[in-house]
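Across the two complexes that follow, subunit A remains constant while its partner is subunit B and subsequently subunit C.
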Partner chain A sequence: MKHEKEQKTSATSFSDEIRSQLGGETIALCYQCGTCASSCPVAKTTERYNPRDIIRLSLLGEKQEVLTSGAIWLCSSCYNCQERCPQKVEIADVIYALRNIAIKEGHIPNIYSEFATGLMNEGRIVPISKFVEKKRPEYGLPPLRPAGLDTLKKILAATGFDKIQWKKEGTP
Partner chain B sequence: MEEVKVGVFLSDCGKQLAEILDFKALTEHVKKVSGVALVVRGNEFWRGEGLKTIVDAIKSKKINRLVVAETLPKLSEVKIVKAAEEAGLNPYLVEVIDLKDHCAWPHRDAPLEATEKAKAMLSAAIERAKLLEPLEKLEFPAVKSVLVIGGGIAGMQAAEDLADLGFEVHLVEKAPFLGGLAARAGRFFPTDDCAICIQSPASDVKAITHTSRKCVYRSGFSEIPNLNILTNSKVVKVEGVPGNYKVTVEKKPRYVDESKCVRCDLCTTVCPVEVPDEYNAKLKTRKAIYINTPPVHPPVYVIDESACKFQECAKCVEICPTKAVKLNQKTEKLTLNVGGIIVATGFKEYDPSVIKEYHYGEYPDVITNLELARMIDGFGPTNGAIIKPSDRKPAKRIVFIQCVGSRDRRWNPWCSSICCMISLKNAMLIKSAYPDTDITICYIDIRTTGREHEYYYEKAREMGIKFVKGRPTEISHDPDGNILIVDVEDAILRRFFELEADLVVLATAMVPSEDTKELAEMLGIELDQDGFFKEYNAKLRPTETKIRGIYLCGGATFPKDAPTSSLHAHSAAVKTAKFLSTGKIIKDQRTAFVNEEYCGDCEFCPVICPFNAITLVPKGEDHFVAQVSDLKCEGCGICVGTCPVNAIELRHSRPNQMEAQMNALLSVNGTSKPLILAITCSECGHTAVDSSGMAMMQYPANVRVMKVPCTGILQVHQFLQAFKAGAQGVMVVGCKTDGCHYEVGSQKAQKKVDLAKVLLKEYGIEPERLEMFHMVFIEGDKFAEAAQMMTERIEKLGPLQLM
Partner chain C sequence: MTSYALFLGCTIPARQPNYETSARKALTRLGIGLVDLDNMTCCAPPPLQSIDMETSLAIAAHNICLAEEADLDIVTLCTGCFESLAMANNLLRENPKLKARVNKILSNAGKEFKGTKEVKHYLRVLMDDVGLERLKKNVVKDLNSLKVASFSGCHLLRPSALLKFDDPERPHIFDDLIEALGAKSIWYRNKLKCCGGLLRGYADDVALAIARDKIVNTTKAGADCIVTLCPFCFLTLDLGQMLIKSAYKEEYNIPVIHYSELLSLALGIDPKELALDFHKIRLDKVLSKIM
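Right after this comes the complex of A and B.
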């Protein structure tokens, strides 16, 4: 008589995916006490963002909702939640991990696409307008130096930043 | 020395085994082994006629060593050994092996190979039996006296039980009064009656008297004649061995003669010193001479020596009508001789001032549950009124915050388990007394798991206490109106609230009592990861420690409510009574001993022994040798595995015995597969092999099992020895690393296996030939899998090339 064990298939869930990301490792420790939410200055100004909600949805596998609702982009990175979390969930870092996943999957808010394009083409996130160039000497500021685009491009290439599909077809 | 005559008794288990194993061949094989004087085939050698055959053979002096191949040896061995002993054979000259679960069943598909393995198993048992030496049974005195450390609810209960059972009991409490945390808590859930109830002495069972069956105040607790209550006292030194400890207790002066004080209270009327009353959460002051109320024991005043002006004042001495005040009392040192020790040191409230966002210690109106309990108590500092300590106005809006410093990986990760019920109790007591009080409890999870506890939660909701599911992030203070604001998200509504409160009550974590670490070191027992006293086995031996004779009860092992503490205390009392009841401890000599010729000047074994059984004694000038206490030694052999010069051996598992056994097991192969030696510990490892056999899980017969007391006994050279003796692979099978019956044995074995792998590589032997496995009894499947896996692995590696 052979004793056979059932082979378990391991399903890769969304929480596993987050935990494998830098910063996302601690997400599963959350027990929904709400300390993060009541510590959060953003959550108190808009119903669109609540860190406890994001962690809950993530742990329940609601990947599409988390990545596409836009909430994860509202965190102001003040780290209040992370300081006070009794389970040492690195909440702000989890949000960064989620943003990284979102970007990889092409869920990028327009403003970030614009930032990225600016960075790749001009070496700056915010374009320098004629107005700014004219104003600087009036305040005694030196003229802006060139951004060192060649070096920057090398860094962006080494990190894979330039391979990211920043603009999806059909998005405005 | 007498000639060795081995009797071998082969049970075929009612012919069942004979269908697989060739018993005729086995009998022939055994007969040829030198030293065998008698071979008997039969069945049921552990009872009835079978057992009588053995007894007769011993009585007629035909044999002086006994090998029995019997089924279920774990059950039959006890009976066989007992009968052999009664027949006149030293009980340590018996070897029982299991041909069914270790051979016939797991190899039933290959009967020929199984028979060859059975031959090897029998040879190994015979060779080992030939080398066994008679061992003594030792008797040690056990003093029928017990020390109980801690006079809270658990300590009092255990002391009372043991005193009533006739033991002399010394109850040592470091505070000036008994009662512990319970006395301060005032009332207890789920009955809402007094916290300090304990059962009264059973003297009222022998002769029912005026004592109460429940109330400590009326119990006559202090009147039990063989109970010596030492308050204001601390254990400072523990020496000796189980059954016979010498304990030094430092008794601080009370400055009041317990036999003279009549509690007339005149002393406090004249005492000029006022200090904050810690016992009453500093909500009132007390005099330098004082008594706690309600009184538990002794009902006598005490002088706080850090506050008293002594001879400069001495007004209390003058006024005392019974001349009870004695300002010249000195600290006394007492030496107690006890057989057993019960640790009942309880737990304490965590100081939440480290949690800056809650501002405890900064805002006077943020208090703890224990401080609130003093307010609720009619005897307490406010006579039951619930006030704001900042302005002493009534507190009408109260917010409780649960899990303060507990379930918090920044401070104390555990759930303190009783705080939900404590908050519910306090909230309801307030609501009953002052129904217009607005009470909100902010919680993460409400945990009301005990008997009748859920009804308590139900009642609280019915009374109108509000519950917010959320852990507040901060308490702030609004000076306008002197109110506190609790900032919380209700997770159910997903809405933020700023709760206004007059009083915020923190349900703080419960943590180990002060001096827990110091006491553990003094007693030579362990603490768990959270700093509480660690029981020997949380599941089956919840009041025992690894040291026989030292027991635990109450909150010393983890925060407990009163009913659980009581139960725990009864259990510890019974364990202690069992240990000491006969006045002696019988212990066999299956222990370690030191060869003083080789031993010297290293400190490995005393440090590694989990049972503190080894001490260093001087030998000549500037030298010392190890000495083993036969009483404390549990016979695991972890010291043997550690000794760098082989100066220490186990009497029941000596190197020559192990070597002979190993050689015999590997002497016959009989299979086409490479021989593998599985060295198992006698605990989980060996029983895992049993259970794989019981379930008839199949693995190849080339795997041979050798039992040692604990895998901690193994030394690196023994793995090489096995390869030299013919093993192509070696498995070490021990308990789980955190479940070793000897605390650290299987961890140490794992380390040695890891080290040996490195060495094997140097010798040109593939390290994969050696592997350690950790399993428990019910993981027979794991053993069968491991045996199969190792066989396949070694087959792939090919024959071992020894240089």
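Right after this comes the complex of A and C.
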């Protein structure tokens, strides 16, 4: 009995944690019909990703597996699942919520550290190529306007984004 | 003249002067004013939403604040930028509590999101401010023999509840705008499916397999070219054919062209002015069919 109670507690607490995140509010409405998985271009391509499984494991409280198996980073954010879900589970948004939790707990794929560094240093996640920038006048393009780095830094400080530890962890 | 704040984003100025050049030339020729504002940053697209949704909403809202201060609606070229900005704009307008939460963050930077301006993808601007009939009258080149596979990318249409652009399952606006140029927009298998572009950098094998599906389906349907609206879709499908060649030993050579480039050509703008050498797959087959 004690074991069952512990399981229930961990399931409820992870579910509550997801529901308290922006985008994660609707996860508990899922009744596992599988419309998401059958609409998903990634699930059709690889067995490494299945949105229905991610929702189920999350509701069962399998927090470590969900956050560290790498599956949550394979959503291509196409929103097909979310458009078609008969229960109005905002599945793509739930995946964002799970990624937000994973990042806070230090599970950060390298490419996301690079995006964050680009944002903090240049205000853009894709760095401007000096080669292309120099060629702009040849095409009659106006000079690029400066990115608002000062204001951006204040926003990143206010949300705590700049406090996240962008360590190189490798692909989880 | 209707004028908009032009939101360029990162990928277009970083890698695709062909997109920017054609969009500026075509829109200006059709009487749309484009204003470049200082201090716009990254739009806060899916990669940033993945890191922290609250930060991404605040960054998107900050960009919209700059347009509000300039008293201009925003026009985007990239569908990714359209999604991030329009989603934030509509979400914050519809949710006062969230708006207050984001404004508390923005107050640290001396900004306030009001929600008084629109965020429009440039196809919406073409529909609203030019219209199909006037667009047709401006076409001077014959594109009748051109069969194109339109690919809007995911984030023009979805999430439809917030973007409100077109029917997410049976969209027609993009195809109407292609046919207004005289070209034939053809159907192909899995037309509305993703290009896989957002998985590049994390799972390149999966991204490439999904892109290959799109290349195979458009080729099988007999398209002369794929028409895109998003710089990520463009890269994934244009540069992607080089990667497919080396990973799968398959060669397709189907040209990928942005709608703004096709529009510029239809309006009679000289191809030499369009930076077309930034395409990996040569456009010769397309150019030869445009008289």
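Methods note: the second predicted complex is superposed on the first by the 155 of 172 C-alpha atoms of A that agree within 3 Å, B and C clash if a C-alpha of one lies under 4 Å from a C-alpha of the other, contacts with A are read in each partner's own complex, and residues count from 1 in each chain.
Throughout what follows, a contact is a pair of C-beta atoms (placed from the backbone, for glycine too) under 8 Å apart; a residue touches a chain by one contact, two chains touch by 3 or more.
As the structure is a computational prediction, the values presented were derived from the model and not from experiment.
**Student:** Record, for the superposition on subunit A, whether partners subunit B and subunit C clash or fit.
**Tutor:** On the superposed model, which is not a single observed complex, subunit B and subunit C fit side by side.
**Student:** On subunit A, which partner's contacts cover more residues, subunit B's or subunit C's?
**Tutor:** If we count touched residues of subunit A for both partners, the winner is C.
**Student:** Tell me the contact category for A:A116 with respect to subunit B and subunit C: first, second, both or neither.
**Tutor:** Once the two structures are laid over each other on A, A:A116 reaches subunit C alone.
**Student:** Return first, second, both or neither, reflecting whether A:A97 touches subunit B, subunit C, both chains, or no partner chain.
**Tutor:** A:A97: touches subunit C, not subunit B.
**Student:** First (subunit B), second (subunit C), both or neither: which does A:K163 touch?
**Tutor:** neither
**Student:** Let me test your reading of the model: by the given contact rule, A:Y31 touches which partner, first (subunit B), second (subunit C), both or neither?
**Tutor:** So A:Y31 only meets subunit B here.
**Student:** Have a look at where A:K134 lands relative to subunit B and subunit C in the superposition and call it first, second, both or neither.
**Tutor:** So A:K134 meets neither subunit B nor subunit C here.
**Student:** Please give the nearest C-alpha separation between subunit B and subunit C in the three-chain superposition, to the whole Å.
**Tutor:** Least C-alpha distance: 8 Å.
**Student:** Pick out the shared contact residues on subunit A: the ones touching subunit B in one complex and subunit C in the other.
**Tutor:** The overlap between the subunit B and subunit C interfaces on subunit A comprises residues 80.
**Student:** Mind listing the subunit B positions that touch subunit A in their complex?
**Tutor:** My answer: residues 357, 403, 407-410, 444-445, 469-474, 487-491, 494, 496, 695-698, 781, 784.
**Student:** Taking the touch rule as given, give the residues of subunit A at its contact with subunit B in the complex, in rising order.
**Tutor:** 1-3, 5, 29, 31-35, 37-39, 43-44, 47, 50, 52-53, 80, 84, 86-88
**Student:** Which residues of subunit A touch subunit C in their complex?
**Tutor:** My answer: residues 21-23, 41-42, 45-46, 48-49, 73-74, 76-80, 82-83, 90, 92, 96-97, 99-100, 103, 109, 111-112, 114-116, 119, 123-129, 132-133, 135-136, 139-142, 144-149, 151-152, 154-159, 161, 164, 171.
**Student:** Spell out the residues on subunit C that touch subunit A in their complex, using ranges where they run on.
**Tutor:** 8, 10-11, 13-15, 17, 20-21, 24, 36-42, 45-55, 57-59, 62, 66, 98, 105-106, 108-111, 154-155, 158-160, 168-169, 190, 192-194, 196-199, 201-203, 206-207, 209-210, 213, 273, 275
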